[in-house]
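Next come two complexes, and both contain chain A; in the first it sits with chain B, in the second with chain C.
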Partner chain A sequence: MIGVPVTAVFFGVMLLFLVLAVMTVYLFAARDSQERKMKKADSYLLRNSKRWYQVLRGIETASQELVPSDEAELAAVEEIFRAYLTNVSGDKIKERIQEFADVHLAPFYRKKLKSRNWSERMNALYRIEDFGMESLIGDVRRLERKKLTADERFQLHLIDLQFRPDGFMERNATRLGDLSEYEARQLFFLMPEHVFNETVAMFGKLAPVLQYGLIEVLGMRQDLMRLRFLEELLDSSDPEIRIRVLRAIDAFGIRTPDRILERAFDSPVWEERFLGARMLRRVPADEAARYASRMRDDPSWLVREEIRALSVRQRSPEGKMAVLR
Partner chain B sequence: MVPNKAGTQAVLKEPYIQYVFDLLKANALRGRRVMVMVLIRAESETASETAFRLQSLVRSTDVLFETDRQDERGVLLPMSGADEARSFLNRLFRETGEIKAAVLEIFHPDTELRASIEDMQSAIDREEGAITFMAPVSQRPEEEVKVSVLDPDPLFRDVLGMALGQLDTPAVRLEVKTFGDGRSFLQSGWTASAHSHLVVMNDLLPRQNGLDVLHTLRSLPNDGKFTILMMTRRNSEEDMTYAYESGADGYLIKPFNLRLFEAQVKRLLTRLWS
Partner chain C sequence: MENVMEWVMKFFGVVIFTYMTIVILAYSGMFLFAFLDLKRQRRLDRRELDDQFIDAFYSKPVTVLVPAYNEEAGVVGSIHSLLNLNYPQTELLVIDDGSTDRTAEVVIRQFDMVRAEKPTESRLDTRQVRAVYRSQVHPNLWLIKKENGGKGDALNVGINFARYPYFCTIDGDSILDGNSLLRVMKPIMTSDGKVVAAGGNVRIVNGMAVDHGVVSDIRLSGRPLVVMQVVEYLRAFLMGRIALSRLNMVLIISGAFSVFSKKYAFEAGGYNTETIGEDMEMIVKIQRLIKDKNMDARVEFVPDPVCWTEAPQSLAVLRRQRRRWHQGLLESLWRHRGMTLNPKYGSVGMLSIPYFWLVECLGPLIELGGYLYVIAAFFMGGIYYEYAVLLMLLFILYGTVFSIGSVLLESWSLNAFPKQRDVLRMMALSLTEVVWYKPLTLFWRVEGLVRSMFRIRSWGDMERVGATKGMSE
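== the complex of A and B ==
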């Protein structure tokens, strides 16, 4: 058995107490500093929210008093801008926020962009996008050369799209392959119409994750003009693309053309046959019955179940009405 | 309609016209409406000829009366304003020759029949034009309208409060209060009064949802005093239909233009004095 001297245990315990005491003091100090910051922000809001209303509605111009002097007041200004940007549109409010942020808030965010703290950098990137601070574009570009996290990279793409939409896809097509599908969809939704059209035109050159996201977004936008484009994608050798295309066409909410249904039912992939069976709910009863009889003995249980559910629906009076409509 | 034995509109005399005037004025004021009195003087024809022409033009709800002058007839047009009176006189002028008229909008309880007729008679004597639109006896009585803003975002509540506070609403005094959730609004006692009440409310609220609050307000016995403007972030046709079916008077989709909000509120407040 190893003998530990009593003094060593004593010093160990004392050290632990010391660490605990230091941490407690630190926590209290941090909390106190946070509370002081919040009080300062509240007092700024109380003092200036009425004046901000006048400024943002164009009734008066922003005075020096509104310029935040420290982080607490900056947080208050951010809160005010957030409340306006998320709830109010038009009337040049966004432009006034942008103008003020470019002149008076940019120094704060420039400093934050250089921070070693990831959350500070991320917050700065979010605010640059929210407030449309064009004056920080140079600083953001310098950031691109550094080693960044995936979240930071995505935020940089959003900022690039916001400030330089022209040629966005040519510049970034190769780099966007690292995005998650959710991020890709978000990017497509935020694209101005002409950039979105360019992206659709270069579909073949896009990374698979972008192709999948783009098909989903086309389905969500329910733009019937894209039906022909989606139909052409059914020739793809990638079954995932074909499945997503069928899902997008189904999301259009139209009576699916027979040629698309035929292709879906002839597919060796059960998911495609399943989506075809689901589309039958918008096909007139007699035609749906013809397809249903063909698919009744499908090897996939899910396809057979979908066909069975369709037959049940058609037998009910509401179902008949729905199909006739 | 006050028909005579021939089935046409009777021409009322004193003191009956005083009684009818008071009754119509009380009705108009209670319903926050306007009534118009028109005095017509036709010097080139007899009083009975003027009365005959008027009888063919007035609606069944209008009231004809005579004044102390033989060449004068008066008409009370309930539920009408100056525009309706102008149309009425245009129809009359197409058919008659030399006539003069004075028009007075009645929307204040202090407007008296006798004094008004005297004012209108001196205006007809004084003015050169065929039609004289009289200045109202006094300004429209100011009405207190309660306004409640319900939104979970305190800063946005203040923004709406300030927008409402700076709104130019003639004859209406707005008493604005803001609430962060539905329950505190319903439990505040702020709804328990006979005042007209404009509620500007987000559909999603903590503790008690906006649509719940809408249902509660519409199930109150005096729900007619509430004008409810809903706000939402979800641009869903289904939600909007549901809100309208549940009794909302207007719908705003966030983010919305503050000028659109102000215009909607003004429009809704104008309806109080329709």
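== the complex of A and C ==
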């Protein structure tokens, strides 16, 4: 019948159980070690929280005792810095954190940047950005030459923007085309004003994904000075750009100029007509009614529905108030 | 006669051994995949990611749908957990699917609700909506009362009423960790919408201390039946789904916690109201839509965000649940049988669906046959005795070893159960899995298979014990 390797399978299963037993011992030992680390970190926090408060407020200078001696104490210092950066912050505090991190924490992160473990490298990159550690720029740039994941690459862009904002777009415009739009938006939001202005100025040279992200950010920033620039983009042959522009203008929360509404309603793209219909919320009722009657038989169900919803809204007290606003 | 018997034993022996070998190899591959993936992310400081996504400028607003049918015991806890979500922009729709208990009353009273109007797209046909209420305390919380039509119908009502482009489905008896929605949305946000559905990790809440919809103390249930389900969930979520997700072959993400693009849900025709397993059906429909229309889209499973759900505590309820799940699985596979081994559907059609047919759907029949084979072989003695031992060893390898491996993998990477005693208990119970829990669930799943064939359909109510209020033990 079938050749039955019972003994072989038996020993195979026993071997696997042995491996699992070893893994269990390893896991529990690792947990114990982790717990010891956490206790050490807690003890550091208990000992030094008040002194850190004094140091970060500039009342006293950081003594050698505050310098972390190992990973556990490093974790405690990270907690303190994160808490101050998130909850208190302020330029002076940031400066002091940066100074301390550059001198005393850099060796830890330099080592982590070389780690084979992706999450260790990512954590190091996050900290370099959070604590503004300029001393590690050289190490970060060396990392650029290696094969990196998309997450690492994005983090490198954030660090580059933070430490070398001037000429950021010229240096990176081509490479930034690989970002997702979400990442591009994040980058644009973090840009200092002059870099952002430069980016807007080179709009035509940007990859589509960056163009889309930039338009969204312009809408979110609600900077009325950019209205003319956005309006010019309505001449684009890319319907996605036109749709994004209309959405950005809608996000401004102003009464949309008639010329923009006309262009939206004349568009063969239903999304543009839909956004036009949505913009009618901020148009006085009689004018809105004129557009509404024109769009009532639109071929797109969503446009018709938006027009219908508009009529209902404008009859309600809330809607009247919104129009007045 | 002896020859016939020998031939029968040989035939079934070959079938069962071949099946077990395929399954063990597939599971080993998926285990390895999960191990490598979790190893990579193990030390990542996820708070950094959470901080990035929490900014409303970057995130996408989400409508959370909570279908509730006779969820009086757990619905308030669920809503509290959802109101505590760490997410910049959500609206919360509780859809009371014609409950016969006091689900709606409890929600209206607890959250100070009044009648209200809400715009609806009405693109999906549903049973009639009776009334819409809005909370005066939490203006983003709504209750929609409708005629009973099943979970799929309730979700369709929710999709029609949803204001935002993404919706998240949560069972009425489930609670979410604070950052769960943020984390499950991450692949959707970072992929610029190419991820059109994502599901999180579902864990069992029975035995945990729960305070106002938040799991405040992680403790393993004292009941062996619940502990076995905890292990089973760990195995299924960590091993199977991580690997399938990386290969874009996901066919199931739990309806207890999943996020969908509303656009794709509409295009797929919403939830099927006829099928028992509406969550799997929805994913299969979306996968089908993606391939049919050649769209650049995918479905992902995210292991980190956690949803806590209540598990059956009695054999009778567990039996009904497993029967129902299996019926749902078979119905979906049958409905989309055209995708099986169809190259048009890529890896989903060529690998994922055949895997679900062979291992998840027909597997219980073969495995139960294996148990019967072991018993028969023991009685027949001689060479068959060896077969019986071999098969038992394979069952141990397939059941116990992978279960213990999953418990260890989870403890090492995500550490959901920090107490060593709990980990040891899960491992100890896994050792007993092949002699009681496995045969029982196999039998129930085969029952589901048979019921499907004879078109016997009953949903079977899940009796709630209020585990989401910390009342299960």
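By definition in this document, the second predicted complex is superposed on the first by the 306 of 325 C-alpha atoms of A that agree within 3 Å, B and C clash if a C-alpha of one lies under 4 Å from a C-alpha of the other, contacts with A are read in each partner's own complex, and residues count from 1 in each chain.
Everything that follows uses one rule, which is that contacts are C-beta pairs under 8 Å (C-beta built on N, C-alpha and C of every residue); 3 or more make two chains touch, one makes a residue touch a chain.
In this text, all values refer to a predicted model and were calculated from it rather than measured experimentally.
K.L.:
Label the relationship between chain B and chain C on chain A in the superposed model as either fit or clash.
P.N.:
These partners fit in the superposed model.
K.L.:
Just checking: does A:Tyr53 make contact with chain B only, chain C only, both, or neither of them? Give me first, second, both or neither.
P.N.:
In the superposition, A:Tyr53 touches chain B alone.
K.L.:
Have a look and say if chain B or chain C is in touch with more residues of chain A.
P.N.:
Residues of chain A touched, chain B against chain C: more for C.
K.L.:
Looking at A:Ser119 after the superposition, I want to know if it touches chain B, chain C, both of them or none. Which is it: first, second, both, neither?
P.N.:
It touches chain C, and chain B stays clear.
K.L.:
Let me test your reading of the model: by the given contact rule, A:Glu181 touches which partner, first (chain B), second (chain C), both or neither?
P.N.:
second
K.L.:
Just checking: does A:Asn87 make contact with chain B only, chain C only, both, or neither of them? Give me first, second, both or neither.
P.N.:
In the superposition, A:Asn87 contacts chain B only.
K.L.:
Using only CA atoms and the superposition described at the top, report the least gap between chain B and chain C in Å.
P.N.:
6
K.L.:
Do any residues of chain A touch both chain B and chain C, and if so, which are they?
P.N.:
82, 86
K.L.:
Under the stated contact criterion, what part of chain C meets chain A in this complex?
P.N.:
So the residues of chain C in touch with chain A come to 6, 10, 13-14, 17, 40-45, 47-48, 51-52, 57-58, 119, 121, 189-192, 383, 386-387, 389-390, 393-394, 396-397, 401, 404-405, 408, 411-412, 415, 420, 423, 427.
K.L.:
How about chain B: which of its residues touch chain A in the complex?
P.N.:
153, 155-156, 158-159, 162-163, 254-260
K.L.:
Which part of chain A faces chain B closely enough to touch in the complex?
P.N.:
45, 49-50, 53, 57, 79-80, 82-91, 93
K.L.:
Give every residue of chain A touching chain C within the complex, in rising order.
P.N.:
1-2, 4-6, 9-10, 12-13, 16-17, 20, 23-24, 27-28, 30-31, 82, 86, 117-120, 122-123, 126, 130, 180-183, 185-186, 189, 209, 220, 305, 309
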